[in-house]
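Next come the structures, one after another.
Shared between the two complexes below is chain A, which pairs with chain B and chain C, respectively.
Here is the complex of A and B:
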């Protein structure tokens, strides 16, 4: 019975996407990806990497793949958190130039991904990093993506303004969006990105977004990638970030999951050269019936690299959070420093946290550590603050804020930092 | 100001305080001394409202109010201040921000408007001088990475900011070298007035050279077994706690 249902979900989704597919950019990759998708199928709960998620339930609705709703400027305005940024708006899985605010500085190129096929760099780098045979959602996305952007930062260019990619969807009927971005930061270049995810929808339908961003960080380049996941109720997000780093590059990702009923993050970083630095930071604040699942993979392939990972979560109500962090240190990757930490605060008796740090080390001269902790708010700290006149509620608020702020501190865009701080404060009101 | 009558308290079913009686009036400094395990810290915790302890008998009246019925924050708002023996480190919570919240919640309790930002900053500046607290420490996370002496100075700084009616100093001298002890004691002395009172809890007499008590009480096995003036502290220092044990025939 289960097998039949599983086939049905996969087949149903495939049929839906395939019959509506009019996109031919990246055609070569699409053909391979379709096969890979069918071969893997929508993962069931028996799949080791998806055991805490009920995807069949999530995908059982009748979905459309294009929305009849278009967004007004007002609806988009609140998502623009920075006064001074290059804004790329992607609506219902497609780049909308009219809503974007782009004044290109020297060294930066932004192209609608569906029109990027003639670009030489795009041809060379598109779909080269996220492997369709490793994950069904990578395969689905590669086979059926409807749009997105290709961002190229030229060699030696320093882009001062943050580049904000806003993914926003609106629907009156359930919608399945496959959106795809490629970011290439060339040698010795620097850029800061924000990707935010928002949805506008009535309480009767859902939007599932399968978003994939590939990021190539060439040698000596420095890239900061911030993600704000702030979707409305009944929204589901499967968000893959696939990063490939070259020699002496520095990549930092800060991931903030603030809302949305279902969020799955797959963050995969390959350190394929020497003297690379990678920083992975995440904060998830969950409540109600939310499910947030962070899977990270740091693949140390060469010697003398550093990776640092800190994921923190505050889990309330009946929500559930998963942290699954893998660090591979391959045989050649001597002198690797890899650190990983996952800390959680459980506020309710019904909340769940599944945490699974995994280190797989095949080199013998490395420094690696991982740690995880889950607990309630510290009673001694609460008492200390109350003994100074703070109410129990303000004491807890202050402590939760302090716990969360450690992750916020990694953001180097001051305005974004303030925005996230405000969001966190509002959350604990 | 404070009247403790026949106070009994226990933790996990074990009775620690076994009938404490104490009267503290405005303008007075009381020292409570006693050997380890006599119940000194339990007394301060019970007065501050730590919930781990069960009060099984007795009452505590503070300025006409039944203190034991108040939450820890309301005790603070009524003017009780506990300088902790082991101040906790709170990473991510800035010292001044937390004090600002504390002051404004106390003001709200009294029906007052929040303090103006510039008045608050002026107050911080004035009070940190009192305990020679580095401006940088005032702005750092609460006690995070502070030395033992800095933590104790920070307690007195907070006390100076909150201007309590009754300050309870729980072994504030422990872990302090003589210079830090002088600074801390100097701060406490400058805050003393005819309207407030201080309870100094200590194992050793040395602190009392700097904060001179009007009364000295000896706590032993959960009861005050002897009271006197500052000379009692000197006698204790000289003869050790054994003389009390002998005297009461324990």
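Here is the complex of A and C:
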């Protein structure tokens, strides 16, 4: 029974995407990816990596792959949260130059990904890091991506302005978007990125976005990657971030899931050289019927690297949150330090938290630890604040805000930090 | 103590690797309905028992072998196993004098001299032993002393004959035959095992113990243990296992069920030392065991303690279902793997009742080419208010060819639940070693010392007699693993 259903969903999605596929950039990768997608199929709940998600239900609608709706500048104004930033707007899975604000500083190149095929670096690096055989959504995206951008930061270039990639979709009928980005930061270069996800849609349809960003961080480069997931009620987002780091590079990712009915994050970081630093931080505030599922994988392949992970969540109403953090330490990766922490607060009786911090270690000279805790707000702390004249509600608000702020502190872009802080305050009002 | 460890080192390896020359009565190889009937007939079982077996067998045939664990091994050929092997002669034994002297020698080698036990009766620390060789329970000691208190402690097949109402009432209630592949297999072909019933309000005066031994070649051992603690009772139960050295892989698929009624407390300790295979990873026991206890009513407590040093592949998760309010579940484990051993072990704590508490302490040590995984589940169901769990699982790595893995699953559906989990992985600290060596303790002994300290939290939970054995086992298992 299950297998039949799985086949139909996979086949249905494949047919839909394949018959509407008019994109031919990255053709070589597409052929392989189609096969890989059909072979794997949309994962069912029996799939270990997707056991807490019901993708069948999410993908059962009839979808379109292109939207007839276009947005005006006013409609996307609210998404541009930074005054001083390089803004890239990707509307319904396609790069829209007209909405973007790009004044390229020296050493930075931004190209519509569907027109990047002639670029030598693009040719060399595109679809080299996200393996289509490891995940059905990587395969789907590689096979059917409609657009996105290719960002290249030259050797030794230090880009002061943050680069803000806005993914915005609007539709009047249910829509399935496959969007793809490639970011290459060359040796000694530095850059800060923000990727935000927004949708505008009536209450009767849904938008499913399958977004994939590959990031190559070359030797000695420093990259900060912030993600804001703030989609509307009926939106679903499958967001894969595939990072590949070289020697002595530093990569930080801060992931904020604020709304959206269904969010799945696949964050894979490969540390394939020595003296690399990786920082993974995440915050998810869920309510109503939201489902948020964070899967992270840190793959320590070489010695002397550090990774640090902190994911925090506050779960309310009937929402459910999943955290699955994997740390692999391969045989050669001696002197690895890998730390992982996941903390959750459950506010309601109907909420669910599933957490699985997972370590797989094959080297002996390492220091690895993980910890997870789940509980309610500390009664003592509430009492302390109430004894000082705060009402119970405001005491709880204060504590929750403080709990969440720990993750916000990792952002180095001041303007963005303030924006997230405001969003958190609004959330607890 | 140090001398003893040293001696163990010299004698080294697996000291229980002998084969006892006892004539045995085997069933033909293979598995089909006739074999199930054969076993049932051999044991002179009532009709309902046979029906249960056949039901389980029919269900087993519909199942596929599970493969989700982090272990890799050649799949056993279920048609190439002897499912029933009993030591001959099989007549009623009245006293120890009638026991086959070869058998008695086996026990002496195992360190559980039955005669000694008998003579020592009246001495403080007494242990009642039920010894299971291959498939059949050969001797239960202290039966009379226990029956004065109303405690039933006998082999499973005896219980089927003499206490069918208890078996009918409890068997399969904690681990149903539909539970998993190996539980279904066990329900179909189980040969013997132990049964224990502690009546209301009785505190069992001595440690109850079962020794399992696989002796005959080509056999699989499928025993079943059922332990029922009635209201307000207490029992501490020990289990030990050994097997001869053989090139082939032998299968051990046991089921242990524990039922704790209101206010009852059960402590179940295991020292598992099945033959782990040789240095090249050849041979050894596949230990695929389903162990589960249920805190059926309020204020009950089940505590699992295990020291796992043997078996080529271990795959077991002693679990507790915390159904009664205020019930407590505990899991203390030390798992040591060396050479090519693989262990995937841990626990499940299912919080269903209110104010339930569970503690998990797991210590994994891997050396050589081995892989050691902790896999555990803590689930707090909706309505299980004020549940509390604390888990700690540490791994120690010795050498750069081995692996240590942690797969904790935590599922929470109640807001008042508090769950904490922490895990660390590291190697033995250079400074700790240096400190010991500086004081004239050689590396090997220093490691033994540090490892024992590392496991202390768990070893402390074992009954005295076992704790000593376990410490020695740890030292022997890790011998030669210092690079």
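The rule we apply is simple: the second predicted complex is superposed on the first by the 429 of 429 C-alpha atoms of A that agree within 3 Å, B and C clash if a C-alpha of one lies under 4 Å from a C-alpha of the other, contacts with A are read in each partner's own complex, and residues count from 1 in each chain.
Definition applied: a contact is a pair of C-beta atoms (placed from the backbone, for glycine too) under 8 Å apart; a residue touches a chain by one contact, two chains touch by 3 or more.
Please read these numbers as outputs of a predicted model, since none were measured by experiment.
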>> Taking the superposition on A as described, I'd like to know which of chain B and chain C A:20 touches: first, second, both or neither.
In response: neither
> Counting only touches as set out at the top, which of chain B and chain C does A:385 meet: first, second, both, neither?
Replying inline: first
> Is A:405 contacted by the first partner chain B, the second partner chain C, both or neither?
Replying inline: first
> Between chain B (first) and chain C (second), which, if any, makes contact with A:308: first, second, both or neither?
Replying inline: neither
>> Output check: A:48 vs chain B and chain C. Expected answer is one of first, second, both, neither. What do you get?
In response: second
>> Quick check on the superposed pair: does A:331 touch chain B, chain C, both, or neither? Answer first, second, both or neither.
In response: second
> Touching A:348, do we find chain B (first), chain C (second), both, or neither?
Replying inline: second
> Of chain B and chain C, which one contacts the greater number of residues in chain A?
Replying inline: C
> Does the superposition put A:364 against chain B (first), chain C (second), both, or neither?
Replying inline: second
>> Touching residues of chain C toward chain A in the complex: what are they?
In response: 68, 70, 382, 395, 397-427
>> Can you tell me which positions in chain A touch chain C when the two form their complex?
In response: 48, 331, 334, 344, 346-376
>> Looking at the complex, which residues from chain B come into contact with chain A?
In response: 48-51, 71-73, 75-77, 81-82, 84, 87-88, 90-93, 98-99, 101-103, 105-106, 109, 141-142, 158, 162
>> Using the touch definition from the top, list the residues of chain A that touch chain B in their complex.
In response: 378, 380-381, 383-392, 394, 398-399, 401-403, 405-406
